[in-house]
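Both complexes below contain chain A, partnered by chain B and then by chain C.
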Partner chain A sequence: MVVKHETKTMTGNDAASYAALYAKPEVIAAYPITPQTTIVENLSRYVDEGKLDAEFIIVESEHSALAACMGAAWSGVRTFTATSSQGLLYMAENVFWTGYGRLPIIMPVVNRCLAPGWNIWPDFQDSMAFRDAGWIQMYTKNNQEVFDTTLQAFKISESKDIALPSMPCLDGFIISHTSGQVQLPTPEDAYEFIGPYSDPIIEIDVDNPWAFGAMTGPEQYSKNRKDLIVAMERAKKKIVSVHKEFEERFGRSYGNGLVEPYGDDVADLTIVSLGTIGDETHEAVDRLNEEGLNVNALRVRTFRPFPEEDIVEFAKENHKLLVIDRSASFGHAGQLGIEVEAVLKRNKVDTPVIGIIRGLGGEDVPYTKIMDDAKESLKG
Partner chain B sequence: MSNEKNTAERIRLDLMIEVIQISRGGSGGVTGAKILAEAAMYEGLDAQAIPKYGSERRGAAVEAYLRFDTKPIRVHSPVYYPQHALVLDASLLDRIDVDKVDKDGVIIINSNEVPESLKGSGRTIALVDASRISRELGLILSGFTLVNMTMLGAFVKGTEIVSLDNLLKAIENYWGEKRAPKNMEAAKRAYEETKVVIA
Partner chain C sequence: MPVTQKDLMKTPKKALLKGHFACAGCGSALAFRHAIGSIADEVILVVPASCASVYQGSGKGVAFNVPTVNTAFAASDAVASGISRAMKKKGKSNLKVVVWGGDGSAADIGIATEIGACDRQENILHVMYSNNVYGNTGGQRSGDTMIGARTTTTPEGNTTPRKMVPFIMMANNARYVATASAAYLEDFVGKFKKALSLDGFKFIQIDISCPPNWRCESAHSVKISRLGVQTGIWPLFEWDRMTNNVVLSTPSKKYEVVENRVPITEWTSLQGRFRGITEEEIKALKTDTERQWNFIRKFL
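Entry: the complex of A and B
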């Protein structure tokens, strides 16, 4: 299929705003926080200029922002917000309520570390704190992927067989405020790809009143959570199929949508990472290969649901994994490293895993540093 | 990050070109970098403009970085070993480690004359009195002389990474019909007045 594209120079936050604009959400409620602010500034401007026919609800906090989105989502309309860091923490109660309530709200999280010390730079501690909240989480490597992933998120989350919220994650500043080139489809093509949100699993209907959030006994409660586990499992297939449909229509892809392998199929060392470190790793892999070192890479694009099968398949064929985390579970290790080790163990794959933590609070992780870490890992 | 090839050769060899910019908060440096990235896009290049955020405020030194490549850019770090340096305020020159700037690169400075610290260095310097040009055109906001568009004209003259036409197109696109003419005029005048000298 041949589609019309226009390439523009824009920041990663602009790319997220364009995806939201093209998806035509009916309700947006948001509260500004660095480095997310420009996403909702753009959207409020689109609404003001009449480019976007949405209800833009101005609220006094992030907690209220998500609460307003929840109400809107319950009424069966497409809903969008965005946040970062302390703002995401302030939303916490409603983040879990949204996930466990199966409300398909799309909320880019512009990753920024958590205080103290006061710091506006990126790491993944904020979104990782919500890995168990029942949200789909996809980590992006550049501005283009922010647009593509945010657009795909609407189609994935709003499917009736999924009904889960999505958190496209983008590294604060490194993506959010850096200008780069983004290929945009026409608004019509983009909207046609995701279609209207026409079949919600829950819809407030004043002619047919229901109680929401009522007391739920253990039997029903555990059934609901088990449904959520199953929906997450289904979401894996949905992410792959939506990603494939996107590729056929727009000609861009990121591995299979769950993981993005890079380099040779088999290597002495595989570098596994998330976000822009994954992009920087591609540069490191090429340079290591030029030096005669046998290294490849696997970027985990989808962290929730966790792509167990893909990681296991890749690890099985390879000799050693170096997992780079940009966050920590204090008292244990980096979250990605922990989970990679867990799925290998569960599947009886004995490929050794080395876990390291890099880039906290915006600490720079240049490809030279990744090359050094890879060389060190090859030795041991 | 290698420093051994000049701009034309780097583009021919598909090598990345990296630039450091230093300006004062309020003078439009971040906007300028973004417009330059867009101009490079019109040139058919992949380009990145990275503003360095932190405790930036009016009058403080603000760094930004640019990358240009014929291939998609996969590097996201700040620029440590630039080919060129763009200095929007000559008094901030000492904030840049000139030794890390490619010796065959160009240092573009908002000044009439080669700064004392670079005299006899053998470095290629592009000089223009951007502050005067901007003042003459009335490009002043809240007491700050906006030298960003003016210095882009000098950058284009000094480095030839993008053409003047593509720069003007990017400026026009950013500022729109009403505000573009003055900004385009600033870039054009700087382009004409920039002198490239060996210090």
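Entry: the complex of A and C
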């Protein structure tokens, strides 16, 4: 079934805002930070104009933005916030509290590098710092995917068998402030897809009091964290099934929801990346192919949970991987590169992996640059 | 309606069950039992890192008999804001959202969050139970520590005056601000219920004794709190934004007059935290006490 669409030109932040509008969160709390700000502004406008019947909490910090969403999530209502960069870092303890607390909060992160020095351009250092916080992380390649992923995130996170917060990630400015065409379903169809949050994962109840987060001994604590590990495993299947359901309903897909391959099934070199670099890579692959070089690509859409099986299967069939990271784990390497190498090793796949770091602090990563990197990698 | 001793005994249900972890003589647990008890069937509790996160007990034996959400140190007033808004959205505005935390969160690390919620006029009540020290971590100086107090981070005595959080909340447009003492529970519960009858952000700071950190006899817990009022160290008052007037509470009225006050040394001598306090420190403490009274007098 492919439903009615309307095509609109909008920025990536607008696309995230539309997804939130259509999901009808009951409590929104947010604090402005470039390049996320226009999401906050859009949502305030929707609420003020009466388009969205939500409580909008104009908080005094990001720490409070997420804290307010946590309070609302404990109360059993759908919640939404968004942030970037320093704002995400300022939330830090609550980011972990939300993940470990299994609260299904949806929070797009408009990726921006971290100070010093002041720089508002994109890299993934901000969200990568929270890869271990118990959140689902999905990196998007364009405005359409921002809308689609944010909408899907509600359905994934709010499932009782998942109960994990979601962080759809979008490159600052490259997506957030760049206009592009986005196919929007009708608000009714979009809402019907995710459904109301009528059977909450957790809900404060004065008639049946419980204490959340009281002192917890090592045995129960470790059990809770192990539950989270298992929930992340389940989330992989959920992401695939929700993505498939979305595809059937709206006619769009991104690989299997976890990874998106591009080009031939088998190549001498596979370019692996996240976010908009993944999109730019398509251009590089086409041109390299035209030059007679055998190159394909794999965009990792879902970074948490990490799509181990899909990456391993892809790597098995291919001859060499070039992993481009837009962030660094200082003292080691790019995070995606580290993890790709780890899963190959764990699965005894000996496809060579070359890791490079590109695009920090908004450094341009055009297809020409990717082509050069690919050619260099093919040599070695 | 003034609350009587008899009223204190009548609660919809017990708020604090057996098996809590509060220290012997803990003024906070005493205040909790009566205040939270008075609305135990319609309250949602938000607890920052504080003694209350410990004395509520653990695991399946949690002793707080009301819904309780534990939050990070600086997060409580924002979490409470989210709960309050969500309950409004669900048509359950009748439920009272109360932050129950110590002076570390209310005077220091969480004060920005608290002022934020106050500024937004969130419909919550923040009760700051005040032992003038980071009690949970073993007794370090907080912004609420008074002059002369020996803490583990001011072993030679604290030199700076305490941060007067009630005045900060008045300046930030709270709906209602009050001070209270665990020695005058009728007065406290009266203020607590009055605060909850009002819409907007309400704040009460209650002086509670802390035998381990004050190094005092558990049996002296209430006595020391009473002396806190009688020495004038801790003036009890209410302030309402609608009138912008301070009303001195009955137990404190007499002690506005300096001559009526019990000597401060009667209060300090019962507490090990003031052992070795010098004449100069006592003088500075008296001067600072008068500074606080002078602030209050501007609103009388």
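By our rule, the second predicted complex is superposed on the first by the 379 of 380 C-alpha atoms of A that agree within 3 Å, B and C clash if a C-alpha of one lies under 4 Å from a C-alpha of the other, contacts with A are read in each partner's own complex, and residues count from 1 in each chain.
Everything that follows uses one rule, which is that a residue touches a chain if its C-beta (ideal position, glycine included) is under 8 Å from a C-beta of that chain, and two chains touch if they have at least 3 such contacts.
Since the model is a prediction, treat every value here as computed from it, not as a measurement.
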item: Partner chain(s) touched by A:V365 [first = chain B, second = chain C, both, neither]; value: first
item: Contacts of A:E283 with chain B and chain C, given as first, second, both or neither; value: first
item: Partner chain(s) touched by A:M215 [first = chain B, second = chain C, both, neither]; value: second
item: Per-residue contact with chain A, leading partner among chain C and chain B; value: C
item: Contacts of A:F173 with chain B and chain C, given as first, second, both or neither; value: first
item: Chain B versus chain C as contact partner of A:P352, first or second or both or neither; value: neither
item: First (chain B), second (chain C), both or neither touched by A:P32; value: neither
item: Those residues of chain A which chain B touches in one complex and chain C touches in the other; value: none
item: Touching residues on chain C, where the partner in the complex is chain A; value: 41-44, 46, 53-54, 56-59, 62, 64-72, 74-90, 95, 112-113, 115-116, 119-120
item: Chain C-touching residues of chain A, taken from the complex the two chains share; value: 26-27, 29, 54-55, 57-61, 63-65, 67-77, 79, 93-94, 97, 204-206, 209-217, 220
item: Chain A to chain B touching residues, read off their complex; value: 7-9, 11, 35, 120, 142, 171, 173-175, 177-181, 276, 279-280, 282-283, 364-368
item: Chain A-facing residues of chain B, complex; value: 1, 33-34, 37-38, 41, 46-51, 53-54, 73-78, 80
